[in-house]
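Letters are used for the chains, namely A, B, C and D, taken in the order the chains are written, and counting of residues starts over at 1 for each.
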Amino acid sequence: MGILVGKNSRLVVQGITGNEGKFHTLQMKQYGTNIVAGVTPGKGGDWVENIPVFDTVKEAVNIQEANTSIIFVPPRFAADAIMEAAQAGIGLIICITEGIPVLDMARVQSVLREVGTARLIGPNCPGVITPGESKIGIMPGHIHKPGSVGVVSRSGTLTYEIVQALTNKGIGQSTALGIGGDPIIGSNFIDILRLFEADLLTDQVVLIGEIGGQDEQRAAEFIATRMSKPVIAFIAGRTAPSGKRMGHAGAIIEGGEGTAEEKIKALEAAGVKVARLPEEVAELIAAMQT
Amino acid sequence: MKLHEYQSKRIFAEYGIPIPKGNIATTAAEARQIAKQLGGSVVIKSQVLVGGRGKAGGVKLAKTEEETHKIARQILGMSIKGLIVDKVLVDRAVSIKDEIYVGVTIDRSLQRPVIIASAEGGVEIEEVARKNQDAIIRLPIGRRTGLLDYQARNLAYDLGLRRDFINQFVQILKGLYTAFINSDASLVEINPLAVTEDDRLLAVDGKIVLDDNALFRHPDLAELRDTQEETASERQARQVGISFVKLDGEIGCMVNGAGLAMATMDIIKYYGAEPANFLDIGGGAKANKVATALSIILNDIKVKAVLINIFGGITRCDEVAKGILEALNSMEVTVPMVVRLVGTNEKEGRQILAKAKIPTATTLGEAAQKIVALAKGV
Amino acid sequence: MKLHEYQSKRIFAEYGIPIPKGNIATTAAEARQIAKQLGGSVVIKSQVLVGGRGKAGGVKLAKTEEETHKIARQILGMSIKGLIVDKVLVDRAVSIKDEIYVGVTIDRSLQRPVIIASAEGGVEIEEVARKNQDAIIRLPIGRRTGLLDYQARNLAYDLGLRRDFINQFVQILKGLYTAFINSDASLVEINPLAVTEDDRLLAVDGKIVLDDNALFRHPDLAELRDTQEETASERQARQVGISFVKLDGEIGCMVNGAGLAMATMDIIKYYGAEPANFLDIGGGAKANKVATALSIILNDIKVKAVLINIFGGITRCDEVAKGILEALNSMEVTVPMVVRLVGTNEKEGRQILAKAKIPTATTLGEAAQKIVALAKGV
Amino acid sequence: MGILVGKNSRLVVQGITGNEGKFHTLQMKQYGTNIVAGVTPGKGGDWVENIPVFDTVKEAVNIQEANTSIIFVPPRFAADAIMEAAQAGIGLIICITEGIPVLDMARVQSVLREVGTARLIGPNCPGVITPGESKIGIMPGHIHKPGSVGVVSRSGTLTYEIVQALTNKGIGQSTALGIGGDPIIGSNFIDILRLFEADLLTDQVVLIGEIGGQDEQRAAEFIATRMSKPVIAFIAGRTAPSGKRMGHAGAIIEGGEGTAEEKIKALEAAGVKVARLPEEVAELIAAMQT
């Protein structure tokens, strides 16, 4: 099973008729994900890959009983798409879109708190995969393998790198997901660690962080006080300079805060083993599993 | 995107925030003319997008028109942290009794805007924070409620402002917050907000950083970009949608994905060399983007070797390989290169590179070790 | 405060809502000139602040300039529900395929704005509601979130709008909502929002009611008040801050407090007469305000008797008594009067009135019975 | 004791230095109300009637432990004053001010819901009195008498009229209050009926309504299903015409809705005796108490 997504996920793809939306709809379908609907305003009545397209998320929920949404709509419309999904009753919203204005996300978060029933993953993230069951995201499915390691990350391709290292060593994953590289994201490390801690099929957790913000430091506190399962971490950006944005809008050391050293120190103080190289993550997990 | 001091202050003025009288000059003669119009002493301030202008000699006082001319000539053309000064702001000088800091930014953990204020203005807020965290007041603002009058007033009291400044301060703070929201800024800052000898509040220096992702909503602000302040490489990268940050090392790197790009820099360092840049080509890059990225890297004369690390998901390895060949065909490349390609269409990509006899690697560790060895000429 | 159709539509246009071309005329010659400029058929619409203009013959179509002149001459000067038409709106006529209703008001129980829409536009929304409550869509809007794009879009779908009208409708609805918020309205309404034969959406008729309490924020809107539409009494009352509503009965009444004023009207009716007005002098009224109130009441020739009912709290009974004498001294009063004064300075008030030989009463019931008897000449 | 206010009320007067604020501060003090602070921005350090004046409500709460606030500030600043009181931790806010823009109040209500700890009475109301204990409002104190009848009203002077009729008949009041005549108010009839129903010292309740809105109709439903104590009502405006605002911003029959008949019918259907004349209210209560 894993966390968040699985056989019970009934997916609606928002922005299904765009290039990215179409491409990944096919990829997810081939992986076995249960896609029940697409939404593109103005394209209701169309079909994509034998999936019915609606004008509104409300219809996708009412008619097709969608409970999970993935969002591929362009950045200037993405905040509206998230709020539409939340108010239509979608329980899990995964937003892939990169480049959403920060103030739009601040507004979204305040609406989500008011609605109270929707969990958001992302934006600017690769999505969530429960290997062998359901892939709701843009990650390459074939590098994953069902197993008992939970993987949570702020990154995309770096996650793939580490997942592949795990799979190469024969270590499978319960669920792997990216929480996104933006300053304001729907779910943070603690939200996900809490789920992994409670998940019966997860034995160890890999946390992949990077410079910027305080999310890893808070995670360290949570791990120290609330987690029984072992956590292995990797933090990217030891060599990143201060004041420069490293690709992700959220990956920036500001006022000397949010450095990799600071994060590594906090995690190690919480008893987390921090790998120096991506491949080392797999070695540390392997050592635990034997 | 950072705005210059003079641009920021002009925007502040649109929101009713008082700023010193002044104007921008690109020649010493213009500076003298502005000083003449203003009358009295002026401050001549280099307009470059870096901190520490004062320490670098880029901010000076002049008492006469003559002196203004002389000092402007000194400052125009000088280099501050690698940036050439091509314009100066000439502001009427003011006598300052007290300096306040006030800014608005996004609090990442609270997920909402926060007003930051300190009675100890005039220095960088990070410096104040290091010395005395208690000297800083943080006031989170509901994204939808906005800044309420009483909050602004209470902040004024907490800063210990004299009673007759309270209303002025409330107006300035409301203007600043509105400027932050209306321009989709990630930071607006008045530092110092001066209490003058003649009992006014005045935004003597200011800064605005805009959210690049929201510039589509603000074509007027997007036009304020000072392309003189970018290097040719930065401009080229921005125009094709590549994230690029110049660093000081000798190993150029091209990666897809920001996290993996940082990890690649880190591993280069781990094996004993220094990265020359951060470069993320983003997802699904086509051959021509790859070629542009490679040319940006190779334009850096410090670069002694190039590591290309691609984990294909949306990005196809054969497209990357094609882009590499395209770049190599159009420029003379004298530095060694190692390419590590995995993921989507990995085999096709490797075949293309094998034909061109470009060395490849399977794992990131292997690739990094190879490139460090090549750079050191081992 | 109600705005005229032409004022409302001009405001709508400022918010990007398409309206028919047209202009306002106060003479038939002006109307003809406008028709000439517009070309083709026009609609001539009397501008008075009451409903049912169409039924009263105040809205007519004209095919030629000649006809425009003729019809404008008919309409200008006509009386609609007691209001004289002194201006007409001359709009280019449009061929309408379909009519939609859309408005924004405050939902009192939800304590937030609500958008009301119906595919059955063109008639009063109350009439639609009486016939078929299901034909009306109510969409509450978070005061702080505002109208979200997808909400506007979903509403368009729910109204069954054709796909190529969706984006137009979303823009119009966002404009209308923004107009509502920005002008502190208590109602904005487009009825009908026409779907024209040439496939456009057009606000053919519109209405704005402003929140009087918020007019201080909108001096430009406050200026739009058409004082021609008020009676002299209404204007006088408004200017001194008295709440006054003219009714059809014969007993004038002056009361402090709105609830007590209504109860006083009711008790007059209960004892077999009809109130001539609602009048609340508010809290703490001074003598001159009381005098003005009395003169407003006595200006109504239908009034056969006056009941004054004051429960002094903030209002002082002696001030009221003085005001009554002041009014009586400055005008000839031929109708009988009963004054009931209780509360603050009640004794002083009664003494003043006793001297002037004005009949008083202790309870409201007693006062009402007395005044009804006096009015009937019993 | 009664509801809402009493011996434990520690009052801060917002707008204490204005004419109305000063006048009623004295009146309330003479009645025995425990006024611990005043607030007028810019007048901090002053004294009014030996009461210390502060610049902010926060100081009044921190230094003087105020727990209740009464607001006399002008309409254009009143919404801000309510929000300041709520966020400073005041539990009961009574707003006397008339003429606050409706959209300001919509915003206030949304902030109050977020803060969650403050109850608002009004605006545009006479306040709350628990006879013999505490008067927090502008009503004439002397017409009241301690007793067991709860009085709740949308009106000011009409309430005095009915309270005096009660007192004249020897019937005392547990608490009497006005909830205000505006379209958007902090507490409605149901909120107050719930308190009276739970109050040990209240035996009967008088509800004084008027035309406009649905508040009385909802109250009727509440009385029918949730109240054991008898309720006597009076509704003003049987003779009011449609479409005209009767003084109070909230007293208007719109689209034929909110008429007195409609309200009386709903209340009678809920078993409420509705008096035809204000004085009759006292007679009906007297009949019950004997």
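Simple rule for what comes next: a residue touches a chain if its C-beta (ideal position, glycine included) is under 8 Å from a C-beta of that chain, and two chains touch if they have at least 3 such contacts.
Please read these numbers as outputs of a predicted model, since none were measured by experiment.
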Based on CA centres, what chain would you say lies at the far end from subunit D?
B
Subunit B to subunit D: how many Å between their CA centres?
56
Taking each chain's mean CA coordinate, subunit C and subunit D are separated, in whole Å, by 28
For subunit D, residues that touch 2 or more chains besides their own
107, 110
Mind pulling the subunit B residues that touch 2 or more other chains?
142, 144-145
So what shape is it, when you link every pair of chains that touch: line, ring, star, complete or other?
other
Each pair of chains that touches is included here, namely A-B, A-C, B-C, B-D, C-D
Subunit A residues within the subunit C interface of the complex
41-42, 44, 55-58, 77, 80-81, 83-84, 107, 110-111, 114
The answer for subunit B against subunit C in the complex is residues 142, 144-145
Residue numbers on subunit B that touch subunit A, as the complex places them:
106, 108-109, 111-113, 125-126, 129, 142-144, 181, 184, 186, 211-214, 216-217, 243, 245, 247, 255-263, 265-270, 274-275, 278, 280, 283, 311-314, 342-344, 363-365
The residues of subunit C that touch subunit A in their complex are 142, 145, 148-150, 153-154, 157, 163, 166
Going by the contact rule at the top, pick out the subunit A residues touching subunit B in the complex.
75-76, 99-107, 109-110, 126, 138-140, 143, 153-161, 164, 181, 183-184, 208, 210-211, 213-215, 218, 234, 236-241, 244-251, 255-256, 260, 276-279
